[in-house]
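Each of the next two complexes has subunit A plus one more chain, namely subunit B in the first and subunit C in the second.
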Partner chain A sequence: MTVVEGKLVESQKEELLTGCEAVAHAVMLADVDVISAYPIRPYTEVMDAVSKLIADGKFFAEYIIADGEHSQFEIVKHASAVGARVFVGSSGTGWMYAMEAIAVTASDRLPVVALVGNRALDDPGAFGVEHNDALTVRDLGWLLVWASTAQESLDTTLIAYRVAEDPKVMFPTALAMDGGFLTHSQHMVRIPSQSLVRKFLPAYNLGDRRLHPDNPISIAPQVNEDWVMEIRMQNAEATKRVPAVIDKAYREFEDVFGRELGNPWLEEYMMEDAELAIVGMGTLAMPAKAAVKRLRSRGTKVGLVRPKWFRPFPTELMQKVLSRVSAIGVVDRDFSYGSPYYGGVLFNEIRSTLYSSKNHPTIANFIAGLGGREISIADMIKMIQLTYEAEEEGKDGQVKWMGVRE
Partner chain B sequence: MAEEIVFEKIKGIHKVPREEFYSSGHRTCEGCESAMVMRMFSKASGPRTIALGTTGCMYVANTAYMTTPWVIPWMHTQLGAGGSAALGTSAGLRALMKKGKIPEEKINTIAFCGDLGGADMGLSAISSALQTDYDLLIILYDNESAANTDIQATGMTTWGAQTTFTPTGKVKRIMQTRWKKNVAGMLAAGHPNVKYIATAIASFPPIDLLNKVRKALSAGGPAFIHTLDPCPKGWDYHPRYSDKLGELAARSGIFPLYEIDHGTAKLTYNPPKPRVPVKEYLEKQGRFAHLKDEDFQYIQQRVDSMWEDWEIPGIIPVRNGTIRSEK
Partner chain C sequence: MGKISTLLDEVAEADIKNVEVNYRGIFQKTLARKICKTLVYAAKEEERTGFSYGRYSDAPERNGVPCKYFAVVAEMSEEDLEAEAGAKIEPNDVNVSIVVDDTMVKGVEPWGFSGIRPINEKVKLGGTLLVVSERSPLELLKNVAKKDFPYKIAVVPGKHSFSGLWVYKDDFTDARVLGALARIEPDIVGLEALRKVVPEKLGAEKIDALNDGYKSVIIKSIAPGEGIDWPYSIPTLPKWHEFKEGIVVKSVARGGRNEDYKRFTTRTMRPVIRFDTCIKCDLCWYACPDECFDPTPDGLFDVNYNYCVGCGRCAEVCPVPNTIVMVDELKFENNDSPYHEYKKDKEAYIEWADQKMGEKRVNYPFVTGTGLIEENVKKNDGEKG
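Showing the complex of A and B:
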């Protein structure tokens, strides 16, 4: 550690890591107590990395190979209830298999941190990325954030523990990473020192909700209609406290580690004077940026907005950013059969967000890159062109599936 | 290292601890033997215990909000998660103790699950828990039905019984054609790491369950106890006969009582010969009112076969290298 201009600056240790390996390093640095693993592609690589770190004595955690994803998530839920910091994860249908446990973890208000290596839901079988798996928890009280680089994956994992375990929050948090494109692709990653992480991340303290013989409480009794409304509303109110905690966590992260993270909620790329915004989550930011840059060089005023936190949803910020443009193309790496306009999940969230804005931009939707199909720079340029056309032709709410074979 | 608690054997009804850790506040039925299992295991384990209860009648009837009967810490877990709840709790405690985040001591982790949750849905998670070296006890309280839901048949319901899923009808007299699973035997045979496995009945022999719980908790690793709990509502009899039915289940041999302590199996109760006919146990229950003599004979013949043809009655259905199966 060195001191530059009166500020502590972390050691400049850099390593070439995959997205999953970067998360595994964050799990080690967070000194997680209990980890539960079960194999499913593509998230599984994080557990490969974690188990190797444990085997090599880099850190200590109770590491349990479960008999299935339901057990995996139940194990960490209960470990969390006795005061242990935990890590878990899954992908696609594995995440769905765990869904009962996932649902109760949120209503138990236990700050489990999970990695979702986004994967298509069977059937038919596909290993590649689709966001539908992670999006299934959007109504349950899970905080949900998408990363787009390995560095962001490591940083966001540390932030996830900090936010989830904040006494004002106490919600489980899922870090979503595009299967293959991020889970398995290598980036140079700056790994912070243990001492700085300790400074940033206080010890997990469940307080008077900790299950222990010294604190003989009963957790999750049968409440029925007598109390369930009150409890649900408490949870709903608690979600409103999350944004301030996230803002503070990012600011302190920057202070402690001496690295800029930018806006916690969304990344804006060339949006200053943009007339048209393309919106999408995860790794599609890369071809999107290339497309934006290329079109900018030809004088087209286009920019990218990449939402990071999906829950809680940054409503006002999204309104502010997107009401500046006259046309928006939302790229969904998911589907929502039978939804309004038969569009994607992100598309409908964005439309709902912009309903009260005075300037109603044209919003077009693209369903793209499902099942791990690549979204190329040419695809992104095509989607931007189609968004312009939708605006010119007054086709607000138009939904197109991209790159589908005839 | 944690100080090892060696529970003393309770040598008579007057030596049973007076402290209650499963107290007033529950809403179980009159004559509920599963409630007796709760009361007894917590008496045997004492205050340094964490209880985990899967969904089931011992959840729904037990823990109405703000009237919890649990004096010890208790947490709900999902129907199929008895094994995972025990595993997660025990692993959490061990990690925190190893890292010095909480004081080292022996804390008993006990998860209980009903037959629907434990023997059907949750079997895989229990199997997984018994493969580990964590200190935990899983109690399968078996009242042979989904007793809080509407008395539906499970994989543990006695052959021939009427339940809401297996009514008797004009064409089919018997809908419950599955033979009860031998869960404890199955778990014992397939889990070399398990330290203690037992079957028990709350009412008979007296104190037996208490001592089996104590043995399980001092076994130094994963343990499993299967109790058979007569259920007045589900089995259709007057609540005053709950203890008697438990005794008859043991005396007739339909539910063998045994333990496997660090790999050594022994019957803990050997029903005197001639064994009480199973009909005496079955005919006292309304759920068997539709059975004919041939049905009683069928059940009797299978129970007899278990006692006479199995290498170890009730545990391992093997004799001379042949697996005994349905004839």
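Showing the complex of A and C:
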């Protein structure tokens, strides 16, 4: 660490890391106690990276190979209940196989941090990205955030621990990363020092909820209709306390590490004076930015909104940002068979968000990039063009599948 | 809104340099990654941005399967570079296509639905196919598809390398390839920058190899139309409404083989068989993990080279010395049945097979069924005698 103009500035160590290796470094810096692992691509990459850090003697943690994802998630749930900071993760059907443990972890308010390397839900066999796996926990009390670069993956992992373990929060948090495009691609990543991370991230403290013989408690007994409404209400109220904690965590991150992270909730790219917004999560923001930039150079007033935190959903902010434009193209890297308008998950969240706004932009929906299919810059320009056309023709709520052989 | 097609070239493509490394799964994954990562570090040394990635749909954990790794460098901000090239399965084209196993010039089939692709498929106008090989560019060209624009084939002398794979001794192929690259495309990476990063990233002992790669690379210009007519077609996949619901696809009938996925591009060496010394023990037929051996009416076993991945198991189990020998794949022009050749003209076949096997043979030190090293068996036999 050096002192510049009276302020502590982190010595910048830069390494070429995959998104998963960046997360593994964050797990090491967060001094995680217990890690449980079970391989499934693309999550495997982070499991390998963490085990290598341990094998190389750089990181000391209990690393448990489970016999399947269900026990993998049970292990960290229990470890978390006895006061261990934990890390876990999975992808696609592996995540689905663990779903029972995943659901109760949220109800039990245990701040497990998980990496979901987004992967198509088999069948058919496919390694590539689809957001449906992570989205399955959207109603359960998991906090859910999408990263789009390796640097953001490292930063968000540290923030995830800070937010999840905040006494006002205590919800498990899943960091979703696009399989392949982000999990397996190596970019220059600034790695913060251990001492700064310690400054940012206080020790995990469950307080009087810590399961220990000296603290006789029982977690999650059978309660039936006598208690369930109250428990659900308590958790629902707790989710409302999350946004302020997230806001504070980002600002303190910037203070401690001396790096700007921008708006925690969503990234706005060339949105000043935009008439049309393209909305999408994860790495599809990359070709979207290139498309927006090209169109801007022609004087077309278009911008990109990339939601980061999906749970809790930034309703008011999203309303504020998107009610400024007259047309919105939501790109879903997911599907929701039989949903309203037969559209995607993000699309219906955005539509619902804008219902109470005074201005009602035309909203078009695109289902794209499923199973890891590439979304090109040309695809993005096409989607923007179709959104303009939908607005001109007054066709709101159209859903189009992009890049399908038809 | 302007026409889409006119918008696509707006960011000058030339600003972004793409390099690919064609490598074989397992054996060369570390090597390919090291080349690409070191290249990005060197670009950073020259104050450019870059990143590297493997082709995600590949199967790099499967022995010998052709795979690709990429490095992308440019003079633009990280955000702009990621926007232009950061979420792609593979680049549209490449300035340099590196091949770390020269037998891959016969074509690469990474995956069942891709077809067998020419090794120079992605090389752009004026670009280079850079091969680690003991052969000349013109010898390699005998296997390479013609292109309708000029490009180069360069050779950095060497054998296909296992550098970076577990216990194999590192032969510094990574540094030699990077040295050659600095000579071919100094705009992508300069020798000075490499001299700075190679000691730290690959090891101080590799500096000489880097310089050697720079000096020893042989570069040959290839004119439009030079090369072969590519014999393999790229499969056309059905439209969404053209196949059965419920993810049902046609399978291989009993006793048949998959016509759409032959897998022989996985092979670096092929088994050559001396049918005249074969004792018809059937161990090759039994041991072949890919069921490539076909029984013949006279009790011999033909091998189907379209499906053989060159694993060497048959040569390992064959109890008769020099009856099945693994031979460099580039010595062969086709996958025709060796048994049919043998039946046509036995003497000619034996002479041919012996010539292909050559003097330098791959020997397996274990004697089948004993687990003992051959020399020790001989020694024991001698003691008995």
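Everything that follows uses one rule, which is that the second predicted complex is superposed on the first by the 406 of 406 C-alpha atoms of A that agree within 3 Å, B and C clash if a C-alpha of one lies under 4 Å from a C-alpha of the other, contacts with A are read in each partner's own complex, and residues count from 1 in each chain.
We take it that contacts are C-beta pairs under 8 Å (C-beta built on N, C-alpha and C of every residue); 3 or more make two chains touch, one makes a residue touch a chain.
Note that the structure is a prediction, hence the values are computed from the model and not measured.
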item	value
Subunit C versus subunit B on the shared subunit A, clash or fit after superposition	fit
Partner chain(s) touched by A:226 [first = subunit B, second = subunit C, both, neither]	first
Which of subunit B and subunit C A:74 touches, first, second, both or neither	first
Apex subunit A: angle to the C-alpha centres of subunit B and subunit C, given in degrees as a multiple of 10	90
Subunit B versus subunit C as contact partner of A:266, first or second or both or neither	neither
Partner chain in contact with A:287 - subunit B first, subunit C second, else both or neither	second
Touched partner set for A:181, first subunit B, second subunit C, both or neither	second
Which of subunit B and subunit C A:26 touches, first, second, both or neither	neither
Touching partner for A:346 - first (subunit B), second (subunit C), both, neither	neither
Smallest separation of CA atoms, subunit C relative to subunit B, angstrom	25
Common ground on subunit A, meaning residues reached by subunit C in one complex and by subunit B in the other	none
Interface residues, subunit B side, partner subunit A - complex	47-50, 52, 59-60, 63-66, 68, 70-78, 80-81, 83-89, 91-96, 98-99, 101-102, 107, 124-125, 127-128, 132
Complex contact set, residues of subunit C against subunit A	1-2, 4, 7-8, 10-11, 36-37, 40-41, 44, 49-54, 56-57, 78-80, 82-84, 86-89, 237-241, 247
Contact set on subunit A toward subunit C in their complex	16, 42, 123-124, 127-128, 149, 178-181, 184-188, 283-284, 286-287, 289-290, 293-295, 297-298, 300, 372, 374-378, 381-382, 384-385, 388, 404-406
Touch list for subunit A against partner subunit B, complex	31, 33-34, 36, 60-62, 64, 66-68, 70-72, 74-84, 86, 100-101, 104, 203, 211-213, 215-224, 226-227
